[in-house]
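You will see two complexes here that share subunit A, one where it goes with subunit B and one where it goes with subunit C.
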Partner chain A sequence: MAAHSPDLTTEAIIVAPAAAGVDRPPRAWHRLGASFWLSVAWLALVTLVAVAAPALHLADPNLQDLTDRGGSASPQHLLGTDGLGRDMLSRLAWGARISLTVGCASTLLGMVVGTLLGMTAGYVRGRPEGVVVATMDALLAFPALVLILAVTTFIGHDISIIVGVIGFLGIPAFARVARANTLALAQREFVLAARAMGASELRIIGLEILPNIVAPVLTFGLLVVAVAMIAEGTLAFLGLSVPPPAASWGAMVAEGRGDLDIWPQVSLIPATVFFLTIFALNLAADRLRRVVEVRESRI
Partner chain B sequence: MLTFVRGKVLHLVPVMFAVTCFSFLLTSLLPGDAAVVMAGPNATAESVAALRSGLKLDQPLPVRYVDWLGKAVRGDLGTSPRSQTRVLESIRERLPITLELLLIAQVMGLLVAVPIGIASAYRAGGILDQAASGAAFAVLAIPGFVVAIVLIYLFAVQMDLVPATGYTPLLTNPLENLRSFFLPALTVALGEAAAYTRLLRSDMIATLQEDYIAMARAKGLPTWHILLRHALKPSSFTLLTVLGINIGRLLGGALIVETIFALPGIGRLLVEAIYARDLVVVQGVVAFVAVAFVLVNFGVDLLYAVLDPRIRHGRALA
Partner chain C sequence: MPPLLEVTDLCVEFRTERGPLRAVDGVSLKLEAGRTLGIVGESGCGKTVLSRSLLRLTPVTAGRIVFDGRDIVTMDESELRDVRGRDVSIVFQDPMTSLNPVLTIGSQIAETLIHHLRMSRRAARARARELLAAVGIPSPDARLREYPHQLSGGMRQRVTIAMALACEPRLLVADEPTTALDVTVQAQILDLLKQQQRERGMAMILISHDLGVVAGRTDEIAVMYAGRIVERAPTGLLFRRTRMPYTEALLRAIPRLEHASHTRLLAIGGRPPDLVDPAPGCRFAPRCSRVRERCRIDEPPLMPDGAADHDFACWYPVEVPDLPPHSRGRVGVGGT
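Showing the complex of A and B:
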């Protein structure tokens, strides 16, 4: 469904490293296109507002004003107020902190662990690889959202727990991407050369393989940030993310749902912001991947 | 073929073990006393103790797992200490609603995706293709609950065409039943349609490059005949696998959609159990869903091998 329930399907991005000497063409950033930079600008804006929220002198996100419920935009409330008279802009800014923290932190967790696992599996091969691949397959065989819901029910709705669960579920996807890329790289001449020069296995993994899988893994990571943010938003929408009154984008959409007939903007504004952010992440990842893939075809 | 099936079955066993084990461990290994969680904040020490012995939480873990699995295999997923109904009974009651939702959604999704996918592939890079690709990309970026809210706003609040929430049983009033499924199914279908369109398009573009398509063209067969008979059939294999893989995503989706639209399906059952902290039901539903998911994927794998000889002969399309 549209909704990508958090299911981290892997789109393996296999990239060969840029051949030595033939450096990137000039202005690789130019080929990314305007849509990429628009996405980056939006993401930068959201991040900036989220980071600077405490310093922006916004209204208190949890201050209710029942005389001004569902208010439209005004100088005091630039985006109006929600169903309890709380400032929408301020809630969006504070909500961005939760969405972005969960999105980035859980992705980082999955990326670090998954990449290490996948890289090791792809390089070492043999039995360890079999174990890693089988475990990852079993993990992927579990409906992700069901797992997140079940785990948070039992342990709690603290933000670190949510980050942990979503991050854990990201591990198999990263492991797949890292392993697929490592398998391709391990066959290449420069790895053979390094080995011939007596480099240790650790050195080969760290200095020859790792730098070459960073680009595809990071590109994939952007997609995973989007999936993780949707997962958190979905939890929040069900009222199972960080407890209220903390603002979270998903919770804001849910809170306005009963008043769609009188104040549709209370739900639709956070919904739009959420959509734009996910869209920007997907678009940026897509454009980056094209450039990264072009590099491959040039070799 | 037999070797292939045997390999798949051998693979199925550890995955099934892992999945059931995991569903079981959810209630046992995670921090926090399951009995305390279930009894709720106002429980007395006695009621917690009663729950604990009732659920056999005082016995060692492996004993409980074997006991639980043994009963589960025989169709006993336990009885909810809250509602005193058997978990399997609740699942049986609600499963048809989820299945109807997913079925309608798949049909809606395919009805949109197949024509658009074919047309996009036929004139790849054309205006329709670009518009469809852009739309699909945007739709895929909308979280399901946002889609649901927007659809409720458009169809129920603005146009007042269908009820926003609620459920009418099929046997009571088939027409009203379909009306109550329209928005939830559309929510699920939109994302499916976007994914299927993209998939079918890229697959058909590849198929249209094949020599036998050129051959068919040279024979002077009409375009629609080539597209539908010659190109669509091989391309639908990929679609089939993805249909299988999607079951997990759909179940996750059903969870949200059923909650938003108040459809009493499996997803709603799970969410209700989670809100009520009814661990027995959560455990049972999670195990049921996970096993169903694994089995459906297994079935799709087999079906795929039957349909596409390249798979069972080991020359997978990597």
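Showing the complex of A and C:
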């Protein structure tokens, strides 16, 4: 096309930088920091003791020895005994089973249900979204303690019921996180690209959206585990969790509070273990969230 | 033979607070198998909406989109999903956002193959490898296992092209495929598209805001302005015998090598019209240097040039010498 040739682009090419810019991020575990790994070590220890409690040949957690009440540390009782002469270490280990089971199982329940609801609401929009959001708002506004009292009074104190109630109360939080992330992702071009390639809406939710919200939901879930454990501890303190004599950290703190003046360790040891565990969970979740967020912003 | 794609009076409207916005307004197009159509226009003229509405990624308000004898506008969802990605596929503008950040390149390409062609995971993986090699990606085996953020923009666009080519579509729509890329990579991607199109005998719609991009790579060009096609002609003819003042203004706005450096570019003054409530008359009239009374009252339809295969929408087109008698009728395509 001679004089009218506006075909400049091909002429302007000098170099062909074909090599892709591969810049690998520094190894993830370096960026997480020492505090993260200390927290993980503590959580691993607690989990290990909880899981292995039956195999550890600890003293019977419910065996009372009224001649050795509030005893200090000894070869038989490494952490001493409580106000009824029961082995503290053993009760802590069995209590960890309850705290962790409730913390993890109820979080899992809330996570699965909440994420599904939030993702659907955020992707489908329209009427279903309105229904989900309104229901979640109502659930958040409902006084949680009243619900728990009602449930434990009328249905029972079984651990599965405790898990169910705390998990149910966790649904709105997960639904919100999932919905917020889905709303942002659904606008991204790769969702449009998937649709242009013939993907159905269900495939888009499962294959395009879900893998993208797994990381934020899981890191948020770690925080929720801590909240759920605190909730269980509070219930136990009020005598509303698993019925005695089963050991639970919250219940142990409560049992020792009458004797704080003579045997403070009976309350303080479980309180310290509880504190360290929650602290470690929060710290780990926070560090993880930051790393995930940095990674998200890179992509 | 009927054309592969025939679009008739396509309209796409969006609801806005101020009323319906007509982003594509009565567009008609024809594209034969294996040929390339360029669609050119400035930002906001409706080219992207047009390209997306071809696969109903944006809902079509009115008109017909007949692809290979079937009307895409009236298809149900499942028929539509079969056409998308298999018969017609799209390469999007920004490869930074059109790939899923948390899936590997390999699984993203394989997914389409498994879905549309019912391939086994293994076969799909092998085919994905071939496709990556075909679009010029070095060490495709390693790339299959990488994530989008590990690739450069140009590489990512090659990946999206590989995905679009996966099911051997008969029509490839490339929506500003190089706008988000480095200038040095642009020509490589365009040449790759052209080469793949020739090898596979696909038809292609190449959308760009840059006449220079489409000039050497298309058989025919349609110029869009404010949701309408204002000029359409075989590529060579469009550049030799530009009739629509808007096209002429676009051509003048291209920097040229033969000009002295720092020559001022001739920008088109003013802004495109409001598509919610367009003024009567020609939509380009407020910015046109040849505007006369009639332009502000009557809207010119897209009319044929009589002799040549050339349509334009203008009452007072740019004067050109009469075609020499021997070249009347269909004028040679490509023009280079």
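Criterion: the second predicted complex is superposed on the first by the 274 of 299 C-alpha atoms of A that agree within 3 Å, B and C clash if a C-alpha of one lies under 4 Å from a C-alpha of the other, contacts with A are read in each partner's own complex, and residues count from 1 in each chain.
Rule of thumb we're sticking to: a contact is a pair of C-beta atoms (placed from the backbone, for glycine too) under 8 Å apart; a residue touches a chain by one contact, two chains touch by 3 or more.
In this text the structure is predicted, and so the values were computed from the model without any measurement.
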Looking at the overlay, what does A:Val131 touch: subunit B (first), subunit C (second), both, or neither? neither
Quick check for you: in the superposed arrangement, does A:Leu268 touch first (subunit B), second (subunit C), both or neither? first
Taking the superposition on A as described, I'd like to know which of subunit B and subunit C A:Glu208 touches: first, second, both or neither. second
Counting only touches as set out at the top, which of subunit B and subunit C does A:Phe154 meet: first, second, both, neither? first
When the two structures are overlaid on chain A, which partner does A:Ala44 contact: first (subunit B), second (subunit C), both, or neither? neither
Quick one: classify A:Leu240 as touching subunit B (first), subunit C (second), both or neither. first
Considering only touches as defined above, state whether A:Ala254 meets subunit B (first), subunit C (second), both or neither. first
Is A:Met197 in contact with subunit B, with subunit C, with both, or with neither (first, second, both, neither)? second
Check subunit A for residues that touch subunit B in one structure and subunit C in the other, and list them. 1, 4-7, 9
Where on subunit A is subunit B touching in the complex? 1-7, 9, 134, 137-138, 141-147, 149-151, 153-156, 226, 230, 233-234, 237-238, 240, 250, 253-254, 256-257, 260-261, 264, 267-268, 271, 274-275, 278-279, 281-283, 286
Residues of subunit C touching subunit A in their complex? 52, 55, 57, 77, 81-86, 89-90, 92-94, 97-103, 111-112, 115-116, 136, 138, 143, 146-152, 154-155, 160, 163, 182-188, 190-191, 210-213, 215-216, 235-236, 239-240, 251, 254-257, 335-336
Which subunit A residues qualify as touching subunit C in the complex? 1, 4-24, 188-190, 192-200, 203, 207-208, 211-212, 214-215, 298-299
Quick one: which bits of subunit B touch subunit A in the complex? Just the residue numbers, please. 14-15, 18-19, 22, 26-27, 30-32, 34, 37, 105, 137-147, 149-150, 152-153, 157, 164, 187-192, 194, 245, 248-253, 255-257, 259-260, 270-271, 274, 277, 279, 282, 286, 289-290, 293-294, 297
